[in-house]
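Below you will find the structure I want to go over with you.
Naming follows writing order (A, B, C and D), and every chain is counted from residue 1.
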Amino acid sequence: MNGNGQSASENKRKVCVVLVDRANYGRLKPVLRAIQQRPELELQIVAAGTMVLERFGQPVKIVKADGFHVDGEIYIEVEGSTPATMAKSVGFAMVEFASEFRRLDPDIVLLIGDRYEALAAAVSAAYMNLCIVHIQGGEVSGSIDESARHAISKFAHYHFPSTSRSADYLIRMGERPSTILGTGCPSSDIARQLNGSPLLAETINSTGSGVPVDISQQFLLAIFHPTTTSYGGELQQMNELLAALNMSPMQTILLWPNIDAGADHISKAIRVFRENVAPNWLRTITNLTPEDYLKVLSRAACAIGNSSSFVRDASYFGTPVVLTGDRQEGRETAAHVTQVPLQREEIAAAIRKQLERGRYRPSTLYGDGWASDRIADQLVRLSPYRQKRLHYIYDTDDVVSAIGPDSAKNVQGKSKKEYRTAVG
Amino acid sequence: MNGNGQSASENKRKVCVVLVDRANYGRLKPVLRAIQQRPELELQIVAAGTMVLERFGQPVKIVKADGFHVDGEIYIEVEGSTPATMAKSVGFAMVEFASEFRRLDPDIVLLIGDRYEALAAAVSAAYMNLCIVHIQGGEVSGSIDESARHAISKFAHYHFPSTSRSADYLIRMGERPSTILGTGCPSSDIARQLNGSPLLAETINSTGSGVPVDISQQFLLAIFHPTTTSYGGELQQMNELLAALNMSPMQTILLWPNIDAGADHISKAIRVFRENVAPNWLRTITNLTPEDYLKVLSRAACAIGNSSSFVRDASYFGTPVVLTGDRQEGRETAAHVTQVPLQREEIAAAIRKQLERGRYRPSTLYGDGWASDRIADQLVRLSPYRQKRLHYIYDTDDVVSAIGPDSAKNVQGKSKKEYRTAVG
Amino acid sequence: MNGNGQSASENKRKVCVVLVDRANYGRLKPVLRAIQQRPELELQIVAAGTMVLERFGQPVKIVKADGFHVDGEIYIEVEGSTPATMAKSVGFAMVEFASEFRRLDPDIVLLIGDRYEALAAAVSAAYMNLCIVHIQGGEVSGSIDESARHAISKFAHYHFPSTSRSADYLIRMGERPSTILGTGCPSSDIARQLNGSPLLAETINSTGSGVPVDISQQFLLAIFHPTTTSYGGELQQMNELLAALNMSPMQTILLWPNIDAGADHISKAIRVFRENVAPNWLRTITNLTPEDYLKVLSRAACAIGNSSSFVRDASYFGTPVVLTGDRQEGRETAAHVTQVPLQREEIAAAIRKQLERGRYRPSTLYGDGWASDRIADQLVRLSPYRQKRLHYIYDTDDVVSAIGPDSAKNVQGKSKKEYRTAVG
Amino acid sequence: MNGNGQSASENKRKVCVVLVDRANYGRLKPVLRAIQQRPELELQIVAAGTMVLERFGQPVKIVKADGFHVDGEIYIEVEGSTPATMAKSVGFAMVEFASEFRRLDPDIVLLIGDRYEALAAAVSAAYMNLCIVHIQGGEVSGSIDESARHAISKFAHYHFPSTSRSADYLIRMGERPSTILGTGCPSSDIARQLNGSPLLAETINSTGSGVPVDISQQFLLAIFHPTTTSYGGELQQMNELLAALNMSPMQTILLWPNIDAGADHISKAIRVFRENVAPNWLRTITNLTPEDYLKVLSRAACAIGNSSSFVRDASYFGTPVVLTGDRQEGRETAAHVTQVPLQREEIAAAIRKQLERGRYRPSTLYGDGWASDRIADQLVRLSPYRQKRLHYIYDTDDVVSAIGPDSAKNVQGKSKKEYRTAVG
């Protein structure tokens, strides 16, 4: 028996899952379970980024409390939260991921999302010739995450996008159609399982600080992360958001921001606001389990800010959302999302309107609640390979028109067959 | 006057050009000159990777000897030439590039190619919110460079691909058409200027070791770099190539490999071959100026191996090429290239055939000899911006069909206009 | 004129001063001024460690506000505050210091104290063949700082210890007597200049959080840093200290801990204590200017905790001190210090006793208030050299007795003369 | 059974031995064997530095071929061989050692010598609160190694110096006498065991390049490493040494230099010399097993250069040595060493004189051939502790005279007892 409760075997395919923040774990938890249940697979877990930081409540503890064995915990953040330290953190992360991958020697590295830590893991894995499977590729958003996501796709050998549009985009980007393993975000699986289970008051009031929340009454949920590509204006932006919330106060759960460049400014705005305004409607929280977070999201009367979960997970619940700022710009949204400029009056008005409107009909845009099993099955069945190539060159007509019939022959030689053998 | 001979000015646009190996400089030299000649631009040069290593003859010395001021020299290679040290080198490079970019504070970072050092520079620049212009995107090849190249494109804000097919591929990959600044590889500019200028015997015989080459007679040129995605078989591969050359010996100039994982094995194969066979037809060379290299390439009776310059630069000269191994697999080629499996008999046969066939008609597939001025002009005219987005979302029909008319409206909001303002 | 208000000159000796935390700056400020006033010297400042972190109030801003030009700001902390991340931070710091030293090319690197950041600067400088002058060597304390301090001495070419005992210890450790440039801690200079200048209430009450302090009444000052060599017990230790303060409450200014491994646990203890106990006697502060800090220290009725400034700077003022924990164990103390085990009753009793006893007679154990000028003069006069050697071998009798007269001759050859020429 | 042939047990004391170059292994091999033979100990081996580099023949292969299990192999060199890259390598090494120590969780880290890799291991281990045992402390030499050696001693908790003088120096430096575990260099154990065993011609002639050596005739051994503190003059220095050897040629085995800053210049000098002079008396070798190296050293008619083994190991054999340059300046030597300035005539004259003089009487200055067992016994018996303190403070009279009786009491409090409990 190895650490993750599976009988050890030489023949098992080792799948190394990289978790870089609480949201990652929130989405991948059902996938971890599904991998554990496949006798052909051996689960490895590497926790990195804010997962291991006390400042973020060490979410890795939740992973362990849930019974998973964590094979590696790595610290990769160069403190500073500036663009330069963010760049250095990516670099430092590559050094550390390379150490872990060398030690764990996985057959497959499973990554999710678009965080810089995931990019670092992807680049390390790619230069170490490891086969990469990526979840959540093909989406469109703002921030540097937009570029990182597509770069990860370019290193990934197989894809499990969340939506049909994402799958379509990946193929248009030159990924081979047969490497798209399926669609759906695994967080929808948790959402499905949670349906109807109660949210306890103490879940919220036993952690964090500020006023207790009466969950029998309406409450708001707010999260605001920095948008790295507009580094510098975060303090002012957060002030605007807090002012909006302060205009027609309703009890509100505010989660602290992630660790991106600019996060220190947002935290500062929150601390100053608490100190100066002493709001009797605000509770700030650092960390929740994935299930508790989703319960809060599903029960919130309205979610305000720029978390990707407001677009993705909230759609399954039909929770009204006021999306603001550039961070999720371009992301595919269901009907529950209203997008407004980052101005206090506009945000406040949008919140009022969403509260009047009430809950939306659930959407399966980001998953039908059965993604994890599909992913685990594919992890068993896929053929790992190393050498990717832009798929356009296998579209014969294109190759011929561009470079003439003789060269096309070269392009389609031995390697094409090899490649096809591997990816079907 | 700054170090690069330009009058200093607050208003100048600072263009930081990253050079990571001798081939980079060989291609970018005319671009550096063209930037110097634009009064609107200020040239910054950062030399990294093998450019500064004694083991590679410190090609940065040639840059300085040519009269350029080098603003930063960084050492980024973690010694070892294994996949893990290669991954760590990418990470370490990001740390070092971030230091340089922070200090030099450029408006634009200009990158070329697909090397891991260039990828590191791209990621650092992107997380530091710097505008990136990339030359040679959209091509297809083997090795990990294939993935790195497309990832760099995903971080780059503007592109200057070498061929029409590359430009087309970039657009298909979701890059906004208006961000394609033009086409053509600037190495064609040097090739054009060199046309007819003589190659001196001492250029070759005053450096390196082995037998002198009689340049009045036919000679071969051989280069073999490791293909990282098939790490482990290099020694055997190089033995095969050397055996092929030894089958019907003709005087041969062999350049040492680059620094990729596996290069140590190739170097070892060469050293052992020299020791055991004592070939009377072989001259090994570490380093040539870009011009001298192109002269050798243009004069070679046949070029054998897997250097990308055999596909790219040789096309302008019509030099016969025997391409072998997977490294350039998928790359667009003109008629002068014959591709064969890495087996001694096949290679030897292909060399014989190419020597019988003789020189090919020059091709402008990879540039017409006037790319540098086009690039410099665009560097003056482009509008730097930060936030990229996959261009597909601006194709209204697509958005509508995928996510319905309501959401499409959100997607196309404010940011589309902003984006369009920036990139035209 | 360069950034630090001095006329530029080729002939000036460049002195690079490394500042790694607010305490460093507090002590070195008069030295920086004295360097500026020497026409033979050019001042360079590199700020690192907590100096540049927002979490610590970015003390580098105070340096700039005081009119100094900061030549380099480097981020070196790998977040985590564990022993492993602390080790990695030292390593990462060396990488970053090497970049700065290469760029600034100083003649002398001036370091103070025993922090890991200073150790990193010392090692980088030493391997780069730079001449190192070290302030505060030869002292004895607890924590890993004890080992780091002596290791720094082993890399330093010249020394300016704070006390006679320290000077004596350095010589006993094998440092050449003529490399001891003088004694006295420069923070005594600030203390001397401050004497009698008033402390303003708003200095304390306009920053930090908690209850306002009435400075016309008695108040306490508390600081507690982790002792890395007993990593793991910090939370419990801080709880004990807070409990002691809570036993006979008096208004108290508590500064947050530094960044050493374990600091997160101390911060957590403080936050939980504030949350649970809501003490009406506590004000927490992140950052003060050096002068304001010394005013607070000089005015405090008693200082409690384990800050080295309680031993060093408080001696000049005669402020009663209750020292607890192992961090300062072994440090030379004047009469004002009472040392007690880290138990709430013992600490509380010691505070009561010190309050009854009242202020002590000032001591010049750690400096007479005129150290800065002596340091600056020596920086002008010293001869930089590279090669250190344990001084014992120049004690002829010892060499002869150990290895015989013939070998002794070898030992004393050419290099002895060279060495003597350099260091007098 | 674990990898090193010992039965696994919870109660075993884990000793992590760090090997950073072939010389390390040459000296520690009998210690590794002795640790394996103690049932109370569990052997862990981390190989770093040139041990794992192909350029240095990957000496780690010899360790494995000898039947040891290597628990970690780390790559730490930032390529460049400049002072700045050397500083960065030390930093990078700390990052990597911290990862290994965290994973292996040893009770004791066993280090030897004064290399920068050993310093890095010492600093990482110290900040991770690991107990450090150091072999070869207290010696005196040139180069930056001199400072590094004493700094390592300042981090080490226990010492096993090679000579009585070294032991004496360590105590004078403030190390507690009871932490000196014994004396003698373990390489003397190998020397003792080798005595009389034959050197085979093929040992030398089956590796390296150049002319074969006729070992039935007299031959010379030459090694020249860079002296980092005089970085920049290596090429000229090596030219001088080669010229000296060329003055009255005798067949010579030359080993390539180590990896210190400046080594590239020495290698270049050798390559150019070989190319230009084509000496018919020179064989260059990269790597030998420890035993073979000692056999060559013991059989050489004279050893020329600046390797520390010429001072240390050669003394046991009585091999005549011509020591030159500053690298070993100050090192304790037996009668077999003649030291001369680095000038060709002086070196050539000294070689002639040593050849005339012939072999010396063996000396046990650096060990009696039984050190390994003493070390292993001590590793079983010592009490690991964390907090070091300069021992001077436990010399009561001194403390009293310096700081008065009251403070002395503080100094000698609880911790003194603890400390004494630990170290006896």
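The rule is simple: a contact is a pair of C-beta atoms (placed from the backbone, for glycine too) under 8 Å apart; a residue touches a chain by one contact, two chains touch by 3 or more.
None of these values were measured; they are calculated from a predicted model.
A.B. asks: By that same contact rule, can you tell me which chains touch subunit A and subunit C alike?
C.D. replies: Both subunit A and subunit C are touched by B, D, going by the contact rule given at the top.
A.B. asks: Is the C-beta contact count larger for B-C or for C-D?
C.D. replies: When the contacts at B-C and C-D are counted, C-D has more.
A.B. asks: How many angstrom between the C-alpha centroids of subunit C and subunit B?
C.D. replies: Subunit B and subunit C have C-alpha centres separated by 50 Å.
A.B. asks: Per the centroid of Cα atoms for each chain, what is the distance between subunit C and subunit D, given in Å?
C.D. replies: Their C-alpha centroids are separated by 34 Å.
A.B. asks: For subunit D, which residues are shared contacts with two or more other chains?
C.D. replies: Expected reply: 84, 88, 92, 95, 99.
A.B. asks: Chain adjacency by touch: line, ring, star, complete or other shape?
C.D. replies: Topology of touching chains reads as complete, every chain touching all others.
A.B. asks: Given the complex with subunit B, which residues does subunit D contribute to the contact?
C.D. replies: Going by the criterion above, the answer is residues 52-55, 75-82, 84-85, 88, 92, 209, 264, 268, 275.
A.B. asks: Considering only the defined contacts, which subunit A positions touch subunit B in the complex?
C.D. replies: Those residues of subunit A that touch subunit B are 83-84, 86-88, 90-95, 97-99, 101-102, 116, 119-120, 123-129, 140, 142-144, 146-148, 150-151, 153-155, 163-165, 168-169, 172-174, 228-231, 261, 326, 329-335, 337, 339, 341, 365, 386-390, 392-393, 402-404, 406-407, 410-411, 413-415.
A.B. asks: Going by the contact rule at the top, pick out the subunit D residues touching subunit A in the complex.
C.D. replies: It comes out as residues 95-96, 99, 103.
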